[in-house]
Amino acid sequence: MSRIGLTEFSEILDAELPIAAMLGIRTEDIQAGYALLRMPYRPDLTRPGGTISGPAMMALADVAMYAVVLSLVGRVELAVTTNLSINFLRKPPTHDILAEGHVLKEGKRLVVAEVELFSARDDGSRDLVAHVTGTYSVPPLA
Amino acid sequence: MSRIGLTEFSEILDAELPIAAMLGIRTEDIQAGYALLRMPYRPDLTRPGGTISGPAMMALADVAMYAVVLSLVGRVELAVTTNLSINFLRKPPTHDILAEGHVLKEGKRLVVAEVELFSARDDGSRDLVAHVTGTYSVPPLA
Amino acid sequence: MSRIGLTEFSEILDAELPIAAMLGIRTEDIQAGYALLRMPYRPDLTRPGGTISGPAMMALADVAMYAVVLSLVGRVELAVTTNLSINFLRKPPTHDILAEGHVLKEGKRLVVAEVELFSARDDGSRDLVAHVTGTYSVPPLA
Amino acid sequence: MSRIGLTEFSEILDAELPIAAMLGIRTEDIQAGYALLRMPYRPDLTRPGGTISGPAMMALADVAMYAVVLSLVGRVELAVTTNLSINFLRKPPTHDILAEGHVLKEGKRLVVAEVELFSARDDGSRDLVAHVTGTYSVPPLA
């Protein structure tokens, strides 16, 4: 069972991670070791060429990893990214971006997660547009 | 000599990369294969724990790589990130972040760059807070 | 259908990639966009602590990516790695390591692949021990 | 001052990391947070196309990072790589490869290092052929 609820996680984003609201990132599901987030299309998320910008996609992926981590360790806000590696696979058209993250390894000090970013079509289908792996460092409990 | 000027690069950001303005990213210098950018501290750039958020730093690094790439290939707006890898080294306090990027390899199709992110103290000194490498794909000229 | 056969790929390794034989790497299956390789346990593959060494695992992953790439583009030996990123998840005990690779993106110039490395138990079960993503650059055909 | 000597580090490689000897890797210098290693050219280090193979270069880089880490924490053999990311920049000709590593961050639990790989020409000059960053996890002292 997830150690953090969808509502509680969304409240953390609203209260303490303004960039998530700035980009319109929404959390749709959190399970233990799993999270699904959405960044609805907006014209100001684009980059030259009219596709979704890399920074917006990286932000979404990082927030999705944070959700995966808190689903495992609970409300440990000081869990921080130690590294993140992203491969951009296809130029995403002007649609919503979905992020689906899951845990690869849950250690005492490090959590490694994988996030897939999809371009969501109106008909419900989706295309993989980027692949992300990253590590969060979890501080020891006081 | 840089194949794009500071003013022209800033105009591209203003006109076509809204996330750069959203985060207050400013370009301070562009030379051939080199760029220096600044993201002035603002309260809405923080994350839980009161440090600068990872997404804001990744955005700054990606824009710095874009500047390095355009300094080499000129106004080829469709140059796109193919991958980016970031190591977060220290939690940055609530100061400006500087990004200093330089080219590692200039190929015909791929440009590899390295970006160092620094926390800028008021006294002018700075501390390395993150290290980034990434690759841009440059489309063949028509 | 794979554009290279298992026998032909094994011959390339034997003739032109001596490090593969040095480490005992064997190719077990190649399909279009997919490859399965095995590195049987040997005492000289270990590192301090008695687990399989990182370099041996990285070599296996890179060869698996090469197999995935040649399965898509055929015998283009000059396809080369442009980058590789590996997360080590668990210390592998002294068993065989399996590498299962598949394509994430097949572009004209770049192929991105993901490789999972597993520790293979005697009972046939296996544990994920490392996760790899990487990009190969494919030269234009003459 | 380095917390491990050149002789002691070389002994660890000889006794417990057979792949280093298999590839002919030699340690030339260790200082606190710094290491210089060499992999002399041998025909069996090549790959299709006649350049030095990626796995050989990754192995050299990983051993160089290990030297950097032990220079800081002393003989903690169970320090292990948690991730490594490499960008291959130029195809190295059939010369020795040098690895120059230095620390980016020394934390209590994680050490982040950067390694540059150079192709060493006979005239003493050298060309950057690959760039590596990686993280080692250092176990708490008993």
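For reference, chains read A, B, C and D in written order, and residue numbers begin at 1 within each chain.
The working rule: contacts are C-beta pairs under 8 Å (C-beta built on N, C-alpha and C of every residue); 3 or more make two chains touch, one makes a residue touch a chain.
Owing to the predicted nature of the structure, the values given are computational and were not obtained by experimental measurement.
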{"item": "Maximum centroid distance from subunit C, chain identifier (CA atoms)", "value": "B"}
{"item": "Chain pair showing more contacts of the two, C-D and B-D", "value": "C-D"}
{"item": "Centre-of-Cα separation between subunit D and subunit A, whole angstrom", "value": "33"}
{"item": "Between subunit D and subunit C, distance of the C-alpha-averaged centres to the nearest whole Å", "value": "21"}
{"item": "Rounded Å distance, subunit B centre to subunit D centre (Cα mean)", "value": "28"}
{"item": "Per-residue multi-chain contacts in subunit D, two or more chains", "value": "82-83, 85, 87, 135"}
{"item": "Contacting residues of subunit A [partner subunit B, same complex]", "value": "12, 16-19, 22-23, 43-49, 51, 53-56, 58-59, 62-63, 77-78, 80-88, 91"}
{"item": "Sites on subunit D touched by subunit A in the complex", "value": "82-83, 85, 109-110, 135, 137"}
{"item": "Partner subunit B, residues of subunit D touching it in the complex", "value": "85, 87, 89-90, 104-105, 112, 114, 128, 131, 133, 135"}
